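Two complexes come next, and they have one chain in common, chain A, joined by chain B in the first and chain C in the second.
Up next, the complex of A and B:
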């Protein structure tokens, strides 16, 4: 393999991995105050991409206006899901795993409606303003400016999310709810508000991921399930709850997938990725950056 | 001796989990500035009373008057804003957050200026100097006694009218139990009304102005510490029916 080819595959892999990481980070955001893995999270990425096509390409809205519209619409859908598919289970301790089926059901409803509305054809979504999908070279490295923008946005978003969790009272309150829901209530923190906010934020974040991923992957209604699986792999490999770990793991997954694409078919690539995931989890059961849950004594 | 006007007045409270009532017909009062104990053996229903009063569980019957307002059935997060703090059993601090973040979350229900937040923190640090030394440490890394101090401090920082403490001595060495009671004395001197649930009977009776005894989910006796110590009620509450010849 030529150096130029290797570098081109790496650039693709890193960008693709950043998108996988965003799907994983969306899962982390919704998980933190609820301990619920939202199985509809991948469909929020898909909806971001498809509504991005509708608003930006089909309706020719200004990028910023269309993007705000998509993020708000999908964020509202996240709140609706939390109200109907998650909150009732969190209220009743003995039903607290019911979310497995209710969030899956919500995701199936979304994908079926999206299939009816958008049909199965892949759609084009424009690149970020000021960027282009045209290939340029710096030495032997081939890339486009949209890819650079995606990477910058993902890294900046992780900085911003970590800042909120570590430095703001609402972020600390979310951490408190994730650790001890009743303890948080006794400090005047309403867990219901925070779970709603987190589901809205997780959905909006994934919708934004869909908009910026679509120019690279094309928008289609089959995008959601694929990204949900990759997002799960990223959080399992990086450590549940660790956003930096999820970012690094997403990039590793993207690079392995990209580099192996020249020798392996799609099925074998999945096998290779799952093999790597299993080996890492055997050595580090909590992922690369995950912390073992402490036991109270 | 007459008791002060009640700030927390619990009348005929029935509470439990699912369909099973754990406590029935409990009536007790905490006067303004008073320290009151609710004593009883393991499983008597003491913690259930506190959980129902603080809104963690919904009472099945009765009234909870806080400053004269019936707040029975109000959620825990709303009751905090009305001046009721509950330090739950088992040192319910947020172990992954720092000591200072735990104290800051104690103020989550109130909107204060940055300067006032700092003043409240310094106030708590002067009451519990060890917390200042450990301000940036993870709360989970503190010793059991220090965690208990943090849990109490987290409840006090929002300046409640009434603090309910659920077995603050659990799991602590005798010397640390004494330290906890010394701090409770200082808190009472500040005018905070206290409802204390405890199993350390003698030390609790030394501390409080008035006490209630609970057995099998029902009140069996009440009175001043001197009256209760004279009677057979304490022994009955902890060991069942006892006949002394």
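Up next, the complex of A and C:
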């Protein structure tokens, strides 16, 4: 293989992996105060991409206006999901994972309504303002400026999220709730508000991921499920709740997928990733970079 | 005598609930309608295939509480196994169906392996990934699977005179009925109760000697086998299999059927198949929006009716029949249980720390076999921690705990239970919706000999053992004075009664050592007297009894030996008289001069 080809695949893999990581980080954000794994999270990415097409391409809005619109709309949907599908289950103190069913139901509703509205055709979404999808070279490395922007945004977003959790009042409160929901309540923190905020933030983050990912992978309604699985793989390998671990694992997954495309076709690549996931989870249940937390049964 | 009469009444009562009656009517109705014309025959042939698959998923998702999206994908794998074996390799249908069953079982276990250790939502995502991989692989692996064109010409099964489409349908109905019977046998046995206890996250499950990993493995294997078998029939019914029909929607349909029909209920899959497969097939106009409607249905059911259609029907029925059962008389103390050889418990230098707090600080005590040893002490002195360490729920930071010389430290709770150590909890951990009798029988989990296979097929040994255990459970219930309530759901008992029922359950295991955590709390005066007699009775049977208790009169009445704990340390030890006159003890309790 030529060095140029290898580097091109790597660039592709890293960018793709960054998008997977964003789906995973969205899952982490919603998971943190609730321990709820939102199965509709992938659909928020899909909606971000599809609404991005609607606002930016179809309705030709200015990029920043359209993006804010998409993020707000999907964020609101996240709150709606939290209210109807998650809150009723969090009230009941039981080991039934009722939210698995309800968030799955929510995602099925979104997919199928989106299918009716947008139909199955792939859609084009413009690249970030000031960037383009034209290939350019620096030495042997081929890339486009949109890819660079996506990478910068992902890394910056993880810094920002970690800053919020560590330094701000609300972030600390969310961390406290994730440690001990009842204990936090006794200290005057209302976990219900934080749950809603986290779901809104997780949904908005994923919608934004959808907008910036769409130029790279074409928006279609089947995007959500695939990204949910990739996002899950990223957090399962990176360690649930660890955003840096998720980012690293997402990029590894993206590179494995991209590099294996030389010899493997799509189906085999999916099988390879599933195999890696099963093996890693068997050997290191807390992920490659996860700490050995207490096991939850 | 009164026990068996009760049982007969309970059985008869259980047999004709509205749920079972409706279920029988629907099943007979469905079979009758199938013979009306060819269209209905095809429809109900597929309905029977879905029913077989869904019954398997019900064991995993309903009884075990692990949600799987991959059930349809496993059906798909099973369908292709049969298709390829019969068409490409010329196998007969039945060996091919056996192969499909094994293939389904194998894949299900493979996907489930990580979930043996991890939270069950990992499994959901793994199954989604699998569901996306399977159709893609069918296309890729075209030399073997025929790619998009699929496999054509799968033969139908036949047995003797059962030929053609009608014969196939009759075979399916028979297989479904057989599977129903097997699942009914399983769920009404220790296996079903164990699944139930684990699903509810019941901490008592471990104390009762149940290995969560083994039960999960069983549930994965069983549901996978059913999916594989359903796949074999599906292929035969379709004649042609192609990757396209095994979409994500196909996979999720099984989850709809189980969750909406009534998870963890025998009739659930039947209701589910009729309401969510047959009905939509008849209402073809709705098909385009079916998934949206199902999505809303799933969301609404998960919040408002988690017990599904079958559970809803059952609730309506129960509201009417409940009254007659309340207020049954309590029994008298009887002496029929068999003696047990108690074990000695030797604890030396035991230490347990929670962060900086020393919950147990160098505790050494010796419990004679067959004696009653009471641990007393103020709140927070480490009494319950001691029980939790002995029964394996907390790891210790140092020291030894020996049961008849065998080290218990480092063993899991279920392993300790298997050695003959049983315990009760401050808050009783009964399975609320099972009857008191079933909860008591469940206590025999570690000593039952009949294998899952024997239980499933209701073979002689399993039937005998069940009868014997039921008889013993009635005896023990009369020993604790609850025989009259044997058929009430445990949740309807008072707190004190639940405590007594939990003691009966613990005794059911014939433990060599029994640990009771504040058995007297919440008991009425009458119950308190009976508890004293019961404890002496346990000693008479030969069991070693260690109990944490506050009730001084009761302690003075029954204890052979008393150990007083204070802030994790042993303050005093001796007979109750010695201990309660000890000055240090009086100070610790009364907060006297320090």
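One rule holds in what follows: the second predicted complex is superposed on the first by the 289 of 297 C-alpha atoms of A that agree within 3 Å, B and C clash if a C-alpha of one lies under 4 Å from a C-alpha of the other, contacts with A are read in each partner's own complex, and residues count from 1 in each chain.
One rule holds in what follows: contacts are C-beta pairs under 8 Å (C-beta built on N, C-alpha and C of every residue); 3 or more make two chains touch, one makes a residue touch a chain.
Nothing here was measured: the structure is a model prediction, and the numbers come from that model.
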item: Per-residue touch tally on chain A - higher for chain B or for chain C; value: C
item: Which of chain B and chain C A:37 touches, first, second, both or neither; value: second
item: Contacts of A:186 with chain B and chain C, given as first, second, both or neither; value: first
item: Which of chain B and chain C A:173 touches, first, second, both or neither; value: first
item: Touching partner for A:60 - first (chain B), second (chain C), both, neither; value: neither
item: Which superposed partner A:225 touches (first chain B, second chain C, both, neither); value: second
item: Touched partner set for A:266, first chain B, second chain C, both or neither; value: second
item: Set of chain A residues, in rising order, touched by both chain B and chain C; value: 296
item: Residue numbers on chain A that touch chain B, as the complex places them; value: 169, 172-173, 175-176, 179-180, 182-190, 294, 296
item: Interfacial residue positions of chain C with respect to chain A in the complex; value: 65, 67, 69, 110-111, 113-114, 117-122, 124-126, 128-130, 132-133, 136-137, 139-141, 199-201, 212, 248, 252, 255, 259, 288-289, 291-292, 294-299, 301-303, 306
item: Contacting residues of chain B [partner chain A, same complex]; value: 54-56, 75-77, 80-81, 85-86, 88, 90, 92-97, 101, 104-106, 108-110, 140, 154-155, 158
item: Sites on chain A touched by chain C in the complex; value: 37, 39, 84-85, 88-89, 94-98, 100-102, 104-106, 108-109, 111-113, 116, 225-226, 228-229, 232-233, 236, 265-268, 270-271, 273-274, 277-278, 281-282, 285, 295-297
